[in-house]
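Take a look at these structures.
Two complexes are shown next, each including chain A; its partner changes from chain B in the first to chain C in the second.
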Partner chain A sequence: MEPLTSPVKAVHPEGAVYGTVLDAEVALRFSTLDAEYEAIRERAALLDLSGERIVELSGGAAVDFAQKVLARDVEYLTAERCMTSLVLAEDGTVVDQVVVWGREDSLLLESSTGAGTRLLEHLRAHAEPGVEITDRTAEYALFGLEGPYAWGVVGRLIDGELASLPFESIVDSQWDGVDVLFGRTGVTGEYGYKVLVPRESAERLWTKALEHAVPAGQDAVELAMLEVRQPVVRHEAGEGVDVLEMGAGWLVDITKDEFVGRDAVVAAFEGTAERRTVGFSGGAEVPAPGTPVTVGGEKIGEVVHAVHSIGLKSSLGLLRLPPDLAAAGLTVTVGDTEVVTLTSPYVTPKSWSTPII
Partner chain B sequence: MTLDELRATAAARHETCTQIKKMIVSRLDLPIEPAWITDDQPLFGRGLELDSLDVLELYVAIEAEFGVALYDSDMSVFGSVSRLADHVNPALAEQAQTGSA
Partner chain C sequence: MALRPVVITGVGVICAVGRDPEEFWARLTAGAGGITAVEDERFAAFEARFAGQVPDEWVDAQLPAEDTGLDRTARLALVAARQAVAHAGLTDVPGERFGLVLGKCQATPTASGGYQPMHATGDVVAGKLGMTGPRILVSTACAAGGNAVGLAKDKILTGEADVVLAGGVDPLLFGTYAGFAGLQALSARPCGPYSRSDGLNLGEGAAFLVVEALDHALARGAEPLAEVAGYGLSADAYHATAPDPTGRGGTTAMRRALADAGLEPDAVDYVNGHGTGTPANDAMEKKVMRAVFGERASKVPTSSIKSFIGHTLGAAGAVEAVASVLALRTATAPPTIGFSDEAIATSTLDFVPNVARPLPMDVVVSNNYAFGGNNASLVLRRPGGPREYDELPAAEVVVTGLGPVTGLGTGIAEVAEAVANGRTAVGAEPSLEGRTFAPRSLWRHMNNLSRMAIAASRLAWEDAGLKLPRAALDNVGVIFATAAGSVESTDGFDESVLANPNKPAVLSFSNVVLNATGGAVCQTLGLRGPTTTICNGNASASIALDCAVETIRSGKADVVIVVAADEAPSSADSTRVDPYDRNSGEAPASASVALVVESAAHAAARGATPYARVLGSAHASGGADDERSLVERALAGLPTEGVDLVVGAATGGATDEAEAGAVLDTVPSARLTATAGLTGDAGAATGALNLALAALALRDGVAPAITGLDSPRAGTVESYVTKPELPATPAKALVLSAAPGSVRGGTLLGAV
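== the complex of A and B ==
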């Protein structure tokens, strides 16, 4: 399968820096990480989500199939709602984290960045009669808006009424005579929206949106996600790591009777987890994944993923520790540096105290 | 601080978090086991998907259970179970700010 590239790359700001995330080439930065982060946390940022595949499930058995492959319950997901769910392998490990968009006669699955090929392969491996699995990525572009004033951009760009939609609502709308699918769903803790636009109109919408919002690349978005403990699967899931160890049990509906990976998840819920994930901050050096966590020289765990947090002005990351030590408020040593474990969210989004007016 | 002292500190937080999870499940009549909720799980929007009516119920429940009135607090109090624990048990918040050492 061809790697994804942005359909609006030609109109990205000059000087954008690109990188490869799994099967997608994405803009890591359009300007500077500081400026883009500041837009997400203080104003409004525009995201090019072209690294996320759009997969349609259609046919008479589409909902039953979705119930089988999604870890959350979508039986009553209407055409006005979307939700986030994990997709699991039989052994309970995470294949992807998707946003499921309800449609009248189908469901759209939005993969996480770069994970679309893996998702498609997994879906096709579990395919059943009566369901069609279609990659619609080439027909659309997906853009996001995130920030405490993203609602204002929605008003100026499309329709002010859409800004105050309830969380995880979606609406068929129009922009400049073009049919678009609009959703209120975000990942940074700030007000978040997404627009799925036909590819032929994507450049025009992106260019217009740039008049109102600062483009933010993958680095700034993933930093803001980590700060509110929004999972980034490719950093957090690993060999033999189950959803509880990852801290993503909330993206699984264990009360659902059946789904791929359920037996493993139930075993994990009923068993004794060997490790849990907890956030930490401290020190200027960003520790690499796998860096040992010690107390009094004794190894108790390791670093899962870490970055430099602009909001906290220090390193910020996740540790995997024994369950009886996975708690906020502990001082432990990472490499040679003392760090403190944290309560989530690690940065309080400004949107939580900014009303939509 | 020794490993045992850290375990004791962690246990204190886990105890308060467990109390909060039981309270949430019981007061809001959620069809899940309290232990299924993780300490870092968001409570509103994504996560446990509670809404503003649930907040009102939780204000009352928290005051009854912990003797703490949070009515004038901002929404960040409900950022996660662990964050809520900081507010209903101030000793935990002090540890979270300074580390346990």
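== the complex of A and C ==
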């Protein structure tokens, strides 16, 4: 499958820096990380989510199929709700984390950045009669808005009534005479929205949105996600790591009788976990994944993933530690640096104290 | 189509700012609030201690000596009810043409620590005032009072009554106070709706309005005060206690009310808002105003009289309807008090801050929003002169889906099989194992009553084969019927308050309101049509079916789910129940039963095969006569010729005799049975099961049998259904309902 590229690349701001994330070429930065981060945390940022595939499940057996391949319960997901779920392999490892959009006669799965090809292959491998699995990515563009004043942009751009939609609600709406699918979502802890727009209108909407919001690339978004402990699957799901060790138990529902990977998840819930994930901050150097974590010279775990947090003005990342040590407030050594384990969110979003008016 | 004009001819009110309408209006227009510190020492437990209280002497000074021993709820209600009747100059309305619709949020506690039946207050008021016409207890929490006025109008339009007294009542109760404190919804000072919005104050009171047809009022020389131009109900389908933040539910209710009144938003001169003072409510209401009025929103004066009297819960809508009538009459908008200069300067809408305003007005809207996501809007206008009108259309209504959740089985297939084989399961708990009926994230937090009702509704929906697009679901109605609501949540909440009033079980509290389960059904199935909750004991389901039929006849919905649910107050034993038998026991049971009710045209258009047609109904309410006369009065309102099967309201007790005696004399051609022998007495759900199994009998020729009947209280064994197989499939079935001593009714179903 061809790598995904943005359908609005031609109208991205000049100087955008691109990179490859799995099967997608995405904008890592449009301007500077600091400016884009500031837009997410203080104002309103515009996201080009073209690295995410849109896969439609339709046909009479679509809901049963979705129940089988998704780790959360979507039996009663209506055409006005969306939710986030993991997609697991039989062995319980993570294939992808998807947003499921309820539709009248189908479901749309939105992959995580760059993971769409893998998701599609997994779905097709489990395909059953009565289900059509259709890649709709080429028909749409998906944009996001995140920030404490993102609701204001929604008002200026589309319709103020949509701004106060309850979390994970979606609405069929119109923008400038075009049918769009609008959702209240959010991954950075700030007010968050998404718009799924037909591809032929994508440039127009992107250009119009740029008048009201600052474009932010993948780097700023992933940083802001980490600061509120929103999983970024490709950084966190390693070889042989189960969902409990990832700390993603909230994205599975073992009360559901059957789904691919359930047995492994149940075994993990029932077993004695060897590792848990906990956040940390400290030091100026960003440690590489796999850097040993020590206490008194003894290795107790390793770094999963780390970045420089603009909000904390220090390194911020995730550690995988023995369960009894995966608690907040402990001082441990990462490489040569002393760091402190944290409780999430690591940064308090401004949106939590900013009302929609 | 212009329907018969319905007007208000009298009002009565008692609340924290007045013992009667004159004092009430004088205080409102003077801007003099009535919220004070609660003196009762028990309330010292709470940080927030302000409330809108009614002094005892205001109540007792207006009551005859014989009434002073009644409970506070009944006394408050009687004061306001008598004022309204006197104001209207009603003297000689025949009892059976005089109805009562009472809104009430809280069950009235008894001295022994239990609760009166929800409808008891209505029975007291009706008894004292001599009303034996339609009697409805509506319990849509904080929207009940406004809802009551709308239902009263319906009873005039159907021709069941000439005059209906509509109103609401609720006293200040400690438990409720603890619940609101636990939700952190109370302001620690006199509340500031639309300005500080830092919480509400609870209040207490009662208000009533005399509702009658314009021509009736003019014929008796009464002066119409205002016309009940329309009303609108809606469900948020969003959350148990929080309003939908987009204001969608409130917006829909107001738009429906205006459509019912045949008016455009531009016609509205003044809005009497819900204005509780909580941040969630006030923010939502501003959105409703902007959505309905658009650019004009800031030019439509809106005020909250809760700033004077607190939130009087089930009375609030009625008190505010009285204020709206007086606003129209005196061309004055009452203010919202509690505004600081700064709040006035920064206010984005016109909340009539602090000072009453002369305002000529023709059309007033009164809005109420409640727990359970129930919204009610009432449109009042200056009364017009006598005019031509059309009768309410006689749209044909059918039953297309059945969803029983009983000890006998879950779903109509299981229950039909049990009926056909004469199985019984008295007092058995319904099983909900084996499948989920709601998203697990919601299901986990639901009490048993809501789970049963959701399962019943979904099963009925599936049985009806309904598949509707999202937009159509917004117009599907839900009428919930329950005698007592959730016993589990009520007990759990009461115990928590007893243990520590500062740590109430808030999740249970949100389920104590009777309409919580109806709201949960709307939320789970995503239904946002007209919704209300009826609490008339075991007669609730037949009254709810009437509401559903009226909703369809008046074009407000094509599809309505009637869902009834009740829980056994104690665990049942294996008592044998043989209705109408002298030796029968009685046994409580838990169950929920839902019926999909649909306009015949809608059902035909989608190719559905109905179980039965709804041919008609009649209800009578208790007066000075005995139980048998009450049954006879109900039956007198129905054409019973050709009825082959009667499914009665009998539950195995002594009042079965009155029912059997009256039925065997009035409908000698029919054979009599009842479903309580199969499941036990499941309150409102038994009423709905009677309707469901009668509908099934009309289609399949199989009826619930009283297999152990050998010494009937009336007639001979041959008069009863003792074997499930009927000799012939019946053409017409009569279904009886009963809240003994209070309301009895009959619903006539016909084969398709």
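In this text, the second predicted complex is superposed on the first by the 357 of 357 C-alpha atoms of A that agree within 3 Å, B and C clash if a C-alpha of one lies under 4 Å from a C-alpha of the other, contacts with A are read in each partner's own complex, and residues count from 1 in each chain.
Everything that follows uses one rule, which is that contacts are C-beta pairs under 8 Å (C-beta built on N, C-alpha and C of every residue); 3 or more make two chains touch, one makes a residue touch a chain.
Given the structure is predicted, the values throughout are model-derived calculations rather than measurements.
Q: Where does A:255 make contact in the superposed view: on chain B (first), on chain C (second), on both, or on neither?
A: both
Q: Thinking of the overlay built on chain A, is A:104 touched by chain B (first), by chain C (second), by both, or by neither?
A: In the superposed model, A:104 contacts chain C only, not chain B.
Q: Counting only touches as set out at the top, which of chain B and chain C does A:76 meet: first, second, both, neither?
A: So A:76 only meets chain C here.
Q: As a test of reading the superposition: which chain, chain B or chain C, is in touch with more residues of chain A?
A: B
Q: Looking at the overlay, what does A:329 touch: chain B (first), chain C (second), both, or neither?
A: In the superposed model, A:329 contacts chain B only, not chain C.
Q: Counting only touches as set out at the top, which of chain B and chain C does A:165 meet: first, second, both, neither?
A: second
Q: Check whether A:204 is in contact with chain B, with chain C, with both or with neither, and answer first, second, both or neither.
A: Neither partner.
Q: Tell me which partner A:355 touches in the superposition: chain B (first), chain C (second), both or neither.
A: Only chain C; A:355 stays clear of chain B.
Q: Touching chain B in one complex and chain C in the other: list those residues of chain A.
A: On chain A, the residues that contact chain B in one structure and chain C in the other are 255.
Q: Contact residues on chain A for chain C in the complex?
A: It comes out as residues 73, 75-80, 104, 161, 164-166, 253, 255-256, 355-356.
Q: Write out the stretch or stretches of chain C touching chain A in their complex.
A: 238, 244-247, 283, 287, 291, 436, 438-441, 444, 469-470, 524, 526
Q: Looking at the complex, which residues from chain A come into contact with chain B?
A: Chain A reaches chain B through residues 84, 167-168, 228-230, 244, 247, 249-250, 254-255, 269, 277-279, 295-296, 298, 300, 324-332, 338, 340, 342-345, 348, 352-353.
Q: Which stretch or stretches of chain B touch chain A in the complex?
A: The touching residues are 1-3, 6-7, 9-11, 13-14, 31-33, 35-42, 45-48, 74-76, 79-80, 82-83, 85-86, 92, 95-96, 98-101.
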